[in-house]
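In what follows, structures are represented as structure tokens.
You will see subunit A twice below: alongside subunit B first, and alongside subunit C after that.
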Partner chain A sequence: MLKIKDRRQRMLVKRMVELSLKDGIPDPERVEAVLAAVRNQTSRSHRIILKSYLGAIRSLIRESTLEVVYAGELDPQAIDSFLKSMETRMNRNLILDSREDSSLIAGSRVTIGDHVWDASLRGLVARLIN
Partner chain B sequence: MKIWFQIAADTVGAATDAASTNPISRLLINFHVDTERFVAQVLAILIVFVALWLFASKPILKTMDERRKKISDGLEYAEEMKQKLAEAEKRQAEIMKEAALEAKRISEDAQAKARELVDRSAAETARRNEEMVARTREALELERKQMVSEVREQVSRLVAITSSKVLQRELSAEEKTRFANASLKEIAQQ
Partner chain C sequence: MSSIIETIENEIRNLETAVRKENIGHILSIADGVARIDGLSDVMYNEMIEFPGGIIGQALNLNEGEVGSVVFGDISSLKEGDEVKTTGRLFSVPVGMCLLGRVVDALGNPIDGKGPIEAKEFYPVEKIAPGIIPRRSVNQPVQTGIMSIDSMIPIGRGQRELIIGDRATGKTTIAIDTIINQARINDEGIASGDPEFRPLYSIYVAVGQKNANVARTIRTLEQADAMKYTIIVSAPAADNPANQYIAPFSGAAMGEWFMAEGKDALIVYDDLSKQAVAYRQISLILKRPAGREAFPGDVFYLHSRLLERAARLNQENGGGSLTALPIIETQAGDISAYIPTNVISITDGQIFLETDLFNQGIRPAIAVGLSVSRVGSSAQTKALKKVAGQIKLQLAQFRELAAFAQFGSDLDPKTKAQLDRGSRIVELFKQPALKPFSMEVEVGIVWAMQNDFFDDIPLDQITRAKLSLQDHLQGRGSSVLDSIKKKKELTDEIAAALRKTVEEWKQTWTND
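This part shows the complex of A and B:
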């Protein structure tokens, strides 16, 4: 998030982010509402506030997205079960983003924010090479 | 002066009369010694002698004394110079001797230092050569290790790529799905 020197502006951005969440995840409708409210307000520091808000929302989305990349096919129940277990583990709601990537050869790779779990054959081979 | 001649003649006349029996007077008569003339000559000689003594001898003696003094001074000076020359020659000889000794000593020192320098250079050169050889050996060893490491890496890479290609071709869709599900379980349990 962009560092804002002004305390009031910092508090405003924080409040905007809180209002944009639904179950701990940024909700598109709420985000739209917040932006509409900001548009109606006249402020000299719109640019700074909106930049900071954008950075915060992006960070939250990244931290809330469970990216699952796999080779082959995944059982839908297995994916759901996995999502639930990860939500319990991270203690927050997560957005699932799953896709197939045959370059992994076999297995899967899971990413949440900066955390990466690589259980693919390609990752194993890369670790062997290094 | 005339009075003196008269007194002298009277004296001689008196003496001649008394000396006619005297052997000495007989001798004078035989040799025709004229008494007056003799006295006059003696007086003249005396006068000349006195005059010379008064007017000539003193300056002459003075001059002679001066000359004698000059000669003696000159001789003394020469003697002194001769002594000084001898001393100077002696000193020079001593200095030359010292200089020769000093030169010899310096020459020996220089030779010793030159020898030492040559020995040190030789030792330094030998040491540098050894260092160079050691460094070259180290560099070669390092290069060898690097080459071995690179070869090992290349071989591992080739093996990994080959294995991945083989696995990709060899694994069935069912096996891939099984692997994917198993990997999710494994991650959830970590």
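This part shows the complex of A and C:
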């Protein structure tokens, strides 16, 4: 994330981020509204503010995304129930991003932000090698 | 056959298959042995982190949104976006007796081609130094075998004595001589079968040195048969700054093992100026605020926390000790520079070596006025203390008078006598490299000097006379030396026997 030295600009970015959230998750409509609002008030540091805002939103999306990568078939209902259980556990709303990746060989790998739960065969083999 | 299958099946069943939670991050940038990493929200300060390919690093900067880490090892295979993991462990190195005789890198990996090290224990490189309660005062000597140091600037077990001086003034030689002398004493002590004998193991940490110099040091120690009691930790100039920064801490961890086991160890940091420079490089890349001479604000803490780990423990804590001989290289004799003043204030004394003295052929080139041992005198052997009590003062007065005498031709007899005695002491203390004296020989020679036996010997023959007296003492006077070695003090009886032996030598001595 780009660091802003000016306190007022930092506060502005913080406010922009707060206004972009809906139930703790960045919302596309709100983001569009925030961007439209700041578009009309461009300043010399507009680019820096937008870059910092982008970094913060990107980090928030990463921390709010439950990424489920699996090999083979996985029941969609099972994924939904897993999402609900993770939301209860983390006490916040999460965005689901599930996809198949045959390189895992078998099993699955779940990521939220920088936390990873690896139950894949590829991960197990890697751990055994280490 | 079925039992074999069953055994293997059980093994598979018992395999750890539980899901493991990991904390990961990704490399944002990497340069000069330092990586900026995104993520790693659970990482702890100084925690070991794992890069791809088994490369490890240490988290040094915990910022909002990113982590700054040093990378130990080859960073050429790492790239932006690579996944990095926390390990939940502090960076540790192998410790134990199995390291004796080995040359290892800053991570404790063998680099001497003698095969893997079978270490049973690992110690974290960063450890809190022993507090006040487990310590006891320094009261056992470290015999360096260098007459001028043992008599004037004695070092005790658990002490931190700085060796400081310009380049090529013999700093490393003093450290190597000390290690070689320990090996000689260890050999004699173990052979004597004395149950109270405590060997002193040595650790030599080479930081930022040329590989050729390290190789020469290893060869010297091997030739002196001292490697069997020595561990060498090498982070040469070609190594990355992270390794040069961590090498002294790795060596300290290895030394701490001996101390924790109730044994005695000596560690030489050669040299801490280069470690400070490596740390400055890392800190500047990590964008830490630069202070005096561009060093970061915590460079004092870097050295104080390292040197505080040298200690003498009390009996309840095993009674072990770790003696530290840090080396600092000065520029043009400037001891008021940042790093030298820091380390002088941390240590319990310093041996200051002067280029002028070195060039005059006075070796070891110890500047008596600037050298001091704050705690070592209580560890000095009684016999040596008795004979060498006045020498430091005499020599300091001599240096002052010698400078003064250059301006006047007529000197009073007392001044002339002081100058004469001083110049003889200077000659007597000249000692070639790798030729350490035993404590009892040092006592004999210094006693002979203090009792005027060298007064009628021409100045240019003092060295020859000293070696002749050494031979005589080790030959016909061996019983006297044995008594000094055994009792460690100069009783009236021993003094009388020593006088008789030295008189015998004086009768045989002829000036050229």
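Convention: the second predicted complex is superposed on the first by the 128 of 130 C-alpha atoms of A that agree within 3 Å, B and C clash if a C-alpha of one lies under 4 Å from a C-alpha of the other, contacts with A are read in each partner's own complex, and residues count from 1 in each chain.
One rule holds for everything that comes next: contacts are C-beta pairs under 8 Å (C-beta built on N, C-alpha and C of every residue); 3 or more make two chains touch, one makes a residue touch a chain.
The model shown is predicted, which means the values in this text are computed figures rather than measured ones.
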Quick one: classify A:119 as touching subunit B (first), subunit C (second), both or neither.
both
Identify the partner contact of A:59: answer first if only subunit B is touched, second if only subunit C is, both if each is, neither if none is.
second
So in the superposed three-chain picture, is A:21 touching just subunit B, just subunit C, both, or none of them (first/second/both/neither)?
neither
Per the overlay, which chain contacts more subunit A residues, subunit B or subunit C?
B
On the A-aligned overlay, A:50 touches which partner chain: subunit B = first, subunit C = second, or both, or neither?
neither
Quick check for you: in the superposed arrangement, does A:72 touch first (subunit B), second (subunit C), both or neither?
first
Can you list the residues of subunit A that meet both subunit B and subunit C?
117, 119
For the complex, which residues does subunit B have touching subunit A?
153, 156-157, 160-161, 163-164, 167-168, 171, 173, 175-177, 179-188, 190
Help me check something: in the complex, which residues belonging to subunit A touch subunit C?
1, 55, 59, 111, 113-119, 123-124, 127, 130
Per the touch rule above, subunit C residues touching subunit A in the complex are 17, 19-25, 39-42, 54, 65-66
In the complex, subunit A touches subunit B at residues 68, 70-75, 78-79, 81-82, 85-86, 89, 102, 105-108, 110, 117, 119-122, 125-126, 128-129
